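Here's the structure, in structure tokens; my notes come after.
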């Protein structure tokens, strides 16, 4: 399961602006993918190390540097120097326990997001931190591990016919945000299906096992919520900020991602509501089941206790018990017992218990 | 039941602005109805295909193109080119998993709504997406399937004496929104009746079956809420937006739909509150019922256990049990039993159990 | 019981601005009371029909037309023409399923309110719609049925010494609003008393019947809330609107009604809180009661089951049971039984069950 | 217990601005204390009646008139005329069912507060209404009954060395508000102690009696909340209002009372949260206790029912029951019984019931 | 456990602005640490007493006076005079029951915070009040007791290479705030771990003991919330206030602490949500367990009651009971008993109870 809070203790007491990797180390190797494109051509390279940020930007077109793995602090420092990033930005990239946020540093805008996907054991949702930094002619993106949801974007750039090729770094950054938000929908789709299944089971035959499924669903919603809610502020902030780095015709796309995010949030809230409803259903089923069990017990006890009492009565060994000597004593007692049973059954039927 | 989330997976990874039909295909055939009117005359045509948006607009009067079925992406593209729509608008029309919203593109305003009606099996509420686009002299409306709530509006236009004939495209668009919101009231009316019925049943004799009715009501409220809440923002946004496409004297009508929407929202919240109350009543009834069952069991057991014990006592086979030889032994024991029973009944009455 | 939603189906499909009576027809006859006053004199008339609104306004003083019964749409139309009302206003007056609101039409202000009173069978709160329209020199008020809370205002005008006589139509309108809000207090007073009574009963001896009282209280709070919350917006809107129809020195009175409304809302929320608390108390009582019942059962069973077992043991018919022949067998067994009972009683006391 | 709503029925139908005493009459006698001070001297007088407000204000220094008891409407009228108060103010002073509020009448500011203290039987919190009116050189304060929390302020004025002596009426008014808010803290201190005690009891041994204590705590929080929440608006309103009656250097003190009020509100909300937690604990304890009771019952029944059955079996009177004649029959049956008991005990231990 | 409300009674009735120590006296000795630094050098001194604030500020560099222990009111007064603090500030420093807040007094800014750490018995979270005052060239900090979280900051200043040395008093103040907020994360980390552990236990085998752990977690969240929520306002207030005491390039750091605080708040709310979920799980487990217990009881009773009845039947002593004399009577009865048992077991299996 994803930890709710990352171990930060390694960082306590260090001066602010110190980049220290916080969080699980999800990939062993750090991988740097460089992609440079304009409307005419695309060049792609895998970098071993990074030397000088400036040389990566030829002046025209858009440079996209994608880094997988954020635990190599020395590398982050080099990138930071190369692209002129503020120390707090580097600190935030390597600290994977960040709340989604954006910051406008004038020359570049820094956005932190959470990417969610089912964990390997498909037991819980895993959150992975994604950082996107974009300036006038470059985009830096940082992920904790592969696989990435950015591959389709890369494909579109390569393919050459996409809108992204004719537009600037702001549109590329938007495409990355869009890919992350799109990914939330597919996650919600899966969760929604599991929830519908659970609902059908609950309404037919509830079992104690379902309470764990319910708890898991609820926990996932809590995690989702924590990741997606702040994203709304991020996107509306980007829109309101009206940074010079974002062209006018990109805003309509940002508005579109914003709408999608609000839709995701609505759906999360709806799911929370539904899960609350399922919990109520489950509790009611438990109560109903208890009532049924107790009814069986009460019916059995109420019928057999009087009968047993009558039988015990005539099992007493008193010398003087006239009934015992009557020739019709036994049949009469049997009749009495039948009468008692019948009476009690009538009583239960009147109470609508049977 | 309406799915809570539509399958979007077909769309994941595609570039933004690509129109792909998302959602259930609710109508087989796409149908295009063209209606052109001004204060003097009305012409109506069923179109096979659409060639050129411009030719549909003769320059005067209002052109209303109503499309039933949104899965024919090629057709949408043609309409889009004809009326100069943004690719994101076309994408949103064909993606039926949209949150209600409006967008002002300058030349036209795009509004997405949800129309709700009882499903065919009348088991759950179905949500259908309605898109309305209006410009200076045209209105485009898109529905997923027939039947439509727009028929009365069409009737009024045909009839010739209606206010709508003397006014522009903005008033027609308003009439369509009004028809959708009016429809919510009739839905709430039905739900409200079912709820009142359920309440009466719950207060007289609760059965386990009711918990499913309660769950269904609650689920419907969740769906309704998700559809109607965003509509409020849409309408207040339209009002505040003060677009040049909407004439001054139409705003008072928009304000009216806005008020209706707030009323619908109030009613939904009231219903949610009531359903919560019914759930509490149901849970209390279950507890009360359990108490009653247990009381019966306890009374029976408490009376017959001592009696049976006394009977068993005198069923022991000890050689030396003086009571067994007393001539009044048996009657005395019977008397003792009557006394015990009487005492216990008094005890229960004092405890107000019987 | 008051319906939660009024039947609106009669209206579905009609063009907006069509006055159709929606709701229960609460009075058979429509009654029109005309009252004209200035600081010097008062004239009062009962009208059969209304011909021309203008003639009712002599130019000086204030004209108050009070209409009881809103189902006579033809009459409303006449009044509408006479006083120059917008069709949407007439539609709203006759549709008694309105959310409280106000609208400033420049020449007049239209206010919709809900008046609440105990129903005839005093089983539930009834909501009645009140419309107040005031211009420079006239006030129109519409009620669904008699009796009215406006009578004291009328009395004060007749009496001649009241502040209302020296002031304009705006002050009269304020007096009507004040009368409606004052009425909420007396309703809350009654509900509060019922709630305190219920609380005392719940804390002494809860019975299943109380769950219906609780439900009724809760339902009434839901209805009250739905009626009063929007009134706050109405009054703060009137205040902020700064319409030319309201004189400066009337605003302090409007502010006063506003404060009263907020007080009513506070009290409603407090009541909701208290009712929630009573429900919790009731549920806890049920659980406690169940515990007590089960304790009695368990004590009885735990004591008599071992005793009965011992008795049954010596009721076995084995030929070789040496204890049966012991002369002290019977007394010893009785002693054993006493010892067992004593031990169990000690056990229960240690567990604090008895 | 403090009534949740005061009887207002006496007032229904009266014209607005009519002073009528609403609420319990808490003091028999009305007492008027006059205190006049400046930096140099203090004069103090008890007034029998009030004649002319003006004569009470010599032109320099601050005049403080404190009235205990608000049911003497005639006296209030005299004071009102003397100090030029608006009729609505007088109405609000005598109506003790007010929501805390402030109103700026230009020449004076009117503030309504609630003072809370434990009732005489210390069974519930009592709310008492305090009105403070201050102008350029006077302060009027009205209380329902003695004892007052204003005594320390009076002491400080008499003592002569206090800051209050050098400052104006605004600072005195602030001192009174501060005294009321300070009083909330001591109340919360008591409630907090009761709550901690209750928590300790609940975690050790919950008894049904505690549910009444919980309910009382909750009810008190509801009352407190209703009194203190509006005070926040009052104080921030006073601050924002920037009335000419309040000197610049008094605002920092007003800000301080505001902070205290927010702190009180925070604490109330924290307490509400804790009480909710205690209720959950209590409910869980009830469930746990029930489980324990049922476990005892089930263990006893499960052990003795089979044993009794075996004993009954060999108590049957069939002529041909070979076991009865075996010499080792009886011991073998006893052995069987021990084995059954042992097996069941093992079963229970495996289920972790014992 | 930390008291929810501190005893303030010592203060009631005192004039505002009187410094009185409120709260537990956490350290015996008051300790004053003086640190003066600029980019070039650092001087450090432990002060016995404080004479004159001015002399501590040589005109260049930053003076940091850190006081441990706030119960020595006389000392506070001296410091107050030395640095020109308002009496209300001194009052707030010594009253340790403050809500986090900040106040801009022009020449200096006063910030109150809560530092949280596990108590000595590690039974509950302890809250300690920290006051930070900073002006153009000085920082005063007050703590209730050692150990302090400010030590790392002191270390960094001594080390000489840190950014803090090159910047002003505002950056030092920020560093102190940052240290406090960082500390919240490590606390949340511990709480999160305890919560995850509890969750695992709850999902495997719930015991009554866990309900105390749940309650403790919940209580801690309430305390945390009360301490951290107001901090958000403090930090956004500092940012918006744009005081001249804070340099432009420090704001980005303040923004960073603000983001951390929001993250802490998000995490607290997430934890509250999770704890609510755990409580539900626990309640469901209790219900499930009860159902299981009752099922065992019911199965046992339902099987053995009929069997015992049959056995008792043939233990009756009627003279004329033909079955008793049948040679196959006994075996037939045994067979009947086996049949009854089998039938009941089938019944239970069909009901899915076994």
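Going by the order they are written in, the chains are A, B, C, D and E; count residues from 1 in each one.
The rule is short, and it goes like this: a contact is a pair of C-beta atoms (placed from the backbone, for glycine too) under 8 Å apart; a residue touches a chain by one contact, two chains touch by 3 or more.
Since the structure is predicted, the reported quantities are computational estimates derived from the model, not experimental observations.
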Interchain contact steps from chain A to chain D (minimum; 1 if touching): 2
Same or different residue numbers at the chain A/chain B copy interface, by half rule: different
Rotation in the CA alignment of chain B with chain C, degrees, nearest 5: 70
Gap in Å, rounded to a whole number, between the CA centres of chain E and chain B: 41
Rounded Å distance, chain A centre to chain E centre (Cα mean): 25
Of all residues in chain C, the ones touching two or more other chains: 283, 287, 290, 294, 297, 301, 305, 308, 312, 315-317, 321
Pairwise touch network: line, ring, star, complete, or other: ring
Chain E-facing residues of chain A, complex: 1, 3-9, 11-17, 86, 88, 97-99, 101, 103, 205, 208, 211-212, 215, 218-219, 222-223, 225-226, 229-230, 279, 282-283, 286-287, 289-290, 293-294, 296-297, 300-301, 304-305, 307-308, 311-312, 314-317, 321, 323-325, 327, 329-330, 333
In the complex with chain D, residue positions of chain C that touch it: 151-152, 155-156, 162-164, 175, 178-179, 182-183, 185-186, 188-189, 192, 195-196, 203, 252-253, 255-256, 259, 262-263, 266-267, 270-271, 273-274, 277, 280-281, 283-285, 287-288, 290-291, 294-295, 297-298, 301-302, 305-306, 308-309, 312-313, 315-321, 352-353
